Amino acid sequence: MSAEEWQAVRLSLDVATRSVAGSLLPAVAVAWVLTRLRFPGRALLDALVHLPLVVPPVVVGWGLLMLFGIRGPIGAPLHEWFGVRLVFTTDGAALATAVMSFPLIVRSVRLGLENVDQGLEAAARTLGAGPVDRFLTVTLPLMSPGILAGAVTAFAAGLGEFGAVITFASNIPGQTQTLPLAIYAATQTPGGEATAARLALVSFGLAVSGLLLAELIARRMHLWLGRG
Amino acid sequence: MLGVALRHRFGRDGFTIDASFKAPGDGVTALFGPSGCGKSTILAAVAGLLRPDEGRVTLDDAVLLDTARRVCLAPERRRCGVVFQEARLFPHLSVEANLRYGLKRAPHDATGPGFEAVVALLGIAQLLPRRPGRLSGGERQRVALGRALLSRPRLLLMDEPLAALDAARRAEVLPFLARLRDAARIPILYVTHALDEVDALADRLVLLEAGRVVAEGSVEDLTARTDLPLAARRDAGVLVGCTVRSVQDGLATLDFEGGTLVTTSRPGPPGTRLRARLRARDVAVATEQPRGISTQNILPVTLVAIDEGTEAGEVFLRLAAGPTTLLARITRESVARLQLRPGITVWALVKAVTFDHRVVRQVAAHTPPGRGEIPT
Amino acid sequence: QGTQGEAVTVFAAASLTDALRDLGAQWAARGNRAPRLSFAASSALARQIEQGAPADLFMSADEAWANYLQERNLLVNATRSSPLGNSLVLISPVNAARPVTLARDTNLAVLLGPNGRIATGDPAHVPVGRYAQAALTWMGQWDAIAPRVARADNVRAALLLVERGEAPFGIVYSTDAAASQGVRVVGTFPAASHEPITYPFALTRRAEGNAQARALLAFLTGPEAAATWQRFGFIRAQ
Amino acid sequence: MLGVALRHRFGRDGFTIDASFKAPGDGVTALFGPSGCGKSTILAAVAGLLRPDEGRVTLDDAVLLDTARRVCLAPERRRCGVVFQEARLFPHLSVEANLRYGLKRAPHDATGPGFEAVVALLGIAQLLPRRPGRLSGGERQRVALGRALLSRPRLLLMDEPLAALDAARRAEVLPFLARLRDAARIPILYVTHALDEVDALADRLVLLEAGRVVAEGSVEDLTARTDLPLAARRDAGVLVGCTVRSVQDGLATLDFEGGTLVTTSRPGPPGTRLRARLRARDVAVATEQPRGISTQNILPVTLVAIDEGTEAGEVFLRLAAGPTTLLARITRESVARLQLRPGITVWALVKAVTFDHRVVRQVAAHTPPGRGEIPT
Amino acid sequence: MSAEEWQAVRLSLDVATRSVAGSLLPAVAVAWVLTRLRFPGRALLDALVHLPLVVPPVVVGWGLLMLFGIRGPIGAPLHEWFGVRLVFTTDGAALATAVMSFPLIVRSVRLGLENVDQGLEAAARTLGAGPVDRFLTVTLPLMSPGILAGAVTAFAAGLGEFGAVITFASNIPGQTQTLPLAIYAATQTPGGEATAARLALVSFGLAVSGLLLAELIARRMHLWLGRG
């Protein structure tokens, strides 16, 4: 593989990792809110979370560009006050990836949360654990298989994220040209099929490694939760 | 003092609870009643895990719940230790971490039994590193018991905590619970089907049926009544308060108001105050003083009344030994044969071995230190 | 000059990919800092530039998106030129290729048969599709052919559909047709049948004072590059 | 005949089972032992839910498991009805659908109790449309019991099925289980901590400790031994086979080999064969014939031996009433006072009301039809 | 909205529904195999399932064209023997959508399956239920929240699927031009923002309706499973 391709691999891993790391916490919070609270705007929040899933990635990228671009309502103050620029940066690619995979994580986490026996939370309450305490010591560990599954899905999806990234963060080698963008570039080149296939295989290999690792962790987790 | 008054209905026309009762500031109040009568529901409401339609729960000066005034303390602020019917251990924590869960979160000034003492007494030392998933049913319940005890609660709620323990383990844990109660001076609400647990632990009884309180009172009073569902039980009988006079060669002599009893149970050193259940079925009567008989306790008593029995062919004799009432369950045929009638004097016969040592309650503080001692 | 300083960032239409890579390498071989090349659809590139993308050069496949940026005053108008051209061809899979004469009366519908489709870019937004629509309209065929058009996302996707035998015909640029082993050009649309196919290049407003970027643009539009453009099938714009 | 031989170890150096025992072709074999001794594990292996390291399980001619010959029948083909310690009801099915689950899947030629009979007897008619999530602990276990019974099994495995039932419900369900056993003629492996369940149901006992069989034999034989852990229980005593001679005014007269007993329990019509537990603690002895005493049963017996008791101050007297052995638990002091020694003749005193009617076993088929009748 | 846009809406619903309907059964089967069986090729199967997630959608479409095109190893016999052609058809769009959302369904279903108490399956075994029987009567109902969640995710993702569809099935109004393709087309036109936003809103509305419906079903399901 060429140096540029290696760079794309490293960048893909970097972007996928950052995106998962960044979206995990909000995803858990949103999942908890959606599962455990009943409030008027709940359905709307649920729908908003799913938005990136239902519109084409390119449109998501376009929306992000409108919001986070230096002329956008969020991007402008970010840029002016903090000098932060997301468009065309690796962080921007991670943001686009995170937004795209957010519904996937939330779904997984919710499923994990729904299966937490509320009797155990009740037991923790009677033992004096307040809301945050029992969430951290009981709910969170018990929902961790769902979180792990969500993170893995998001990581895998992050490795493959294309439309939103190319639209929002552009296709800049070394900064935003992730593996899927490189693959795309290859398919845009006459006779690039072989390169595309090779890069797709690399992408696949990365995902497989991630999955295997997750499988190992999941097995330990199940043992740990006494379900082994 | 725990005051409970609840009204709750499941669904539109489901099961309805409408119960109110009090439990003394220390000591055990047993909730007693058939399966499905609402015992677990009441415990849940007291713990704060169920919000009843209407109700008021007070613990000493603290109002835990008052729907009229919209007060409803969160469960985690009620400091009720709960032992659930299903153990509800945290599957992701080791047994030790489960045990320490409540301990860690207890207020620093709260007192209660120490970790080692509880572990030793429940016989769970070798389970400490294990996960709950790898425990047998009984082991699980023992750990749950320890976890609740260690959370240093102001109030203990126990839902058939010993149902899954074997007899030997039960016999071992029961006096521990009794001592805990005496040392901790907190009210305990205790759900059980077993009268021996009531004997060993309960000071008051709340009899429930279909969500309502049928009778409420001291164990002594309620067990001496022959008109309650309790009397139908084969192990019904009165509880008698006693004091140990002497202990010698495995035989203890107990004084009670109205006479003396000899028992092979080991009630503790002289001076210990305790409570013995004299089951009605274990008491026989004789019209002439028996001789050459192994039965150690032969008490002169007055036959006060002959109550209807709960089985055909049986009656309850209400006997007065001084101020103390005893019940004897004998056949109607014997009543006729011996020409028993209220007012006459008879001998009540009670074997020394029918006093299980767990039917006695240690009130004195002079407990010899030993395994399971509760440092407070 | 030399290799110091920030590399020049070129935002280029995906259809320029291989030629521009080649030219980029040549530029670097002359001792310049290699440019950073970002390929995507012209539309995406234009919007990104609008949102402050650090692009120094914009090389569009379509005058419309260059106009879009120019209207927003994001291009250095003086630097805008359209040095490249392309021609529009009809292609067939290599094993089923029979020459077709493309004139005003050619009945393409008959050639397509009852079920055949003709693959090209989506006339709604892909430039090649727009040129194809114009050409077919010129031929008086558009109304008959429109329902039979397989509208691809980009030229290469249209090419792929023909290569794989899914569509018996496709309309693409001659540059793409030349690069593919799987298709053969069966006809070239008369230049008059559509607007000239041009590739507008320009410096962006942010690169106005960037000498390197200016130099690169000059190189790419200059005579040294012309041979390379030609090698990849582009023609000089009229 | 059920033959079980198992060897299994959890993990590398976890709990180890090494047990083998037999259970007769019909009747109940009780597995008895302290919490964590491996009872549930054995049941799981017999049901096929746990594959032991080594073992052989045979049911009549069928080999359910033989690790040596690599035979291991799938659980669904073993037709073992299992009542688990936790009810394990299907949460998505109504109580009725839960009950019918096994019934639907039973072979068409299999016989057993009918749906209505089981529902009526377990008192779960009003629960039928509910979901298991809305049941109390005891209700849940009753439904689980019904579900297993209705699957028409060749072998019933029960893991403390009555532990969560209240006394009244237990007393009601126990004779049903007993009748089921007599009607169904299938072996039942029954795990319990309660001796009254053993009395009412068990024909054989397997005493377990730490995964090993300590003793195995008929209930009569094992309960008459004073050297087993059983004897330490306060309710230890012998089981005596009897036949009902007459029933009058709530008093039944029972013949046994060696004498006659009178009881207030209702054992059924004359001719019924049954089994009565005479708890050692309920038996007193007298050296002269007592008079004017309410105690109905005064049996002349020979004192065979004086065995060590399990408590200080107590002994077991081994008494022979004809060929029948009785045990009496009395004080060491009484032995001295009455100068008791092997060989002398004494009177054994047993109150008529100490025979709980659930300590008798109905062997005759002349059961009057009624609620909970089992149509086979 | 124009007639063509309405058509796109109808078509999107049609494609998403067909794709979910078609992939549900295989997804449950694959999830079961991955969760409950241990066999040598397991990790590979797991990775294959995730493949569409990790490579860009365009590449998936390209791969599908290679496989299911009339010259492809699967497409050729399909065409010759059954006269079935997938490219350019609504079925083809559904296939591409199904392949893209397959990993999402499988993940959800697995999470649902992992939370089925195996003690209940054991109970069903002792009651005489064979493998298929107990799967249908115990496992399947108990894992149904996971299946529902998977179906909803897949439906939502199906409404937004773009890259694979346009590459594999092309953009043929009335046959394969789904909503995302229309939205994409609008964003590619200078000044098309308004149209794109309007269509995105429609897409969002559809997804919200689907989610609300699913929420209702899920609530009933939880009641039904006694977790309410």
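Order of writing sets the labels: A, B, C, D and E. Residues in every chain begin at 1.
Quick note on the criterion: a residue touches a chain if its C-beta (ideal position, glycine included) is under 8 Å from a C-beta of that chain, and two chains touch if they have at least 3 such contacts.
In UniProt terms, the chains line up like this: A, E = Molybdenum transport system permease; B, D = Molybdenum ABC transporter ATP-binding protein.
Bear in mind the structure is a predicted one, so any value in this text is a computation, not a measurement.
**Student:** Going by the stated contact rule, which chains contact chain D and chain E alike?
**Tutor:** Both-contact set = empty.
**Student:** Expressed in steps between touching chains, what is the minimal separation of chain A and chain C?
**Tutor:** Contact-graph shortest path, chain A to chain C, evaluates to 1.
**Student:** Please identify the chain with the largest separation between its CA centroid and the CA centroid of chain D.
**Tutor:** C
**Student:** Using the touch rule from the top, point out the two chains with the most contacting C-beta pairs.
**Tutor:** Comparing chain pairs, contacts are most numerous for B-D.
**Student:** Let me have the rounded angstrom distance from the C-alpha centre of chain B over to the C-alpha centre of chain E, please.
**Tutor:** So the centroids are 60 Å from each other.
**Student:** Just give me the whole-number Å value for how far the CA centre of chain B lies from that of chain D.
**Tutor:** About 26 Å, centre to centre.
**Student:** So what's the Cα centroid distance for chain C and chain D, whole Å?
**Tutor:** About 90 Å, centre to centre.
**Student:** For chain A, what residues touch not just one other chain but two or more?
**Tutor:** 58, 62, 187, 227
**Student:** By the touch rule stated above, which residues of chain B touch at least two different other chains?
**Tutor:** Residue numbers touching two or more other chains: 86, 134.
**Student:** Please list all residues of chain C that touch 2 or more other chains.
**Tutor:** none
**Student:** When you check every pair of chains, which ones turn out to touch?
**Tutor:** Every pair of chains in contact is listed here: A-B, A-C, A-E, B-D, C-E, D-E.
**Student:** Going by the contact rule at the top, pick out the chain C residues touching chain A in the complex.
**Tutor:** Chain C residues touching chain A: 9, 11, 14-15, 17-18, 36-40, 44-45, 47-48, 50-54, 154, 156, 176, 179-181.
**Student:** Any idea which chain D residues touch chain E in the complex?
**Tutor:** By the definition above, chain D touches chain E via 47-49, 74-76, 78-82, 84, 86, 88, 90-92, 101-102, 105-106, 131-134, 147-148, 151, 157.
**Student:** Contact residues on chain C for chain E in the complex?
**Tutor:** Per the touch definition, chain C meets chain E at residues 41, 43, 46, 64-65, 67-68, 117, 119, 122, 124-126, 147, 149-153, 157, 160-161, 164-166.
**Student:** Show which residues of chain A lie in contact with chain C when the two form their complex.
**Tutor:** Counting only chain A, the residues touching chain C are 58, 61-62, 65-66, 69-72, 75, 79, 85, 87-88, 166-167, 170-174, 177, 185, 187-191.
**Student:** Provide the residue numbers of chain A that touch chain B in the complex, in ascending order.
**Tutor:** Touching chain B from chain A are residues 117, 119-120, 122-130, 133-134, 137-138, 141-142, 224-228.
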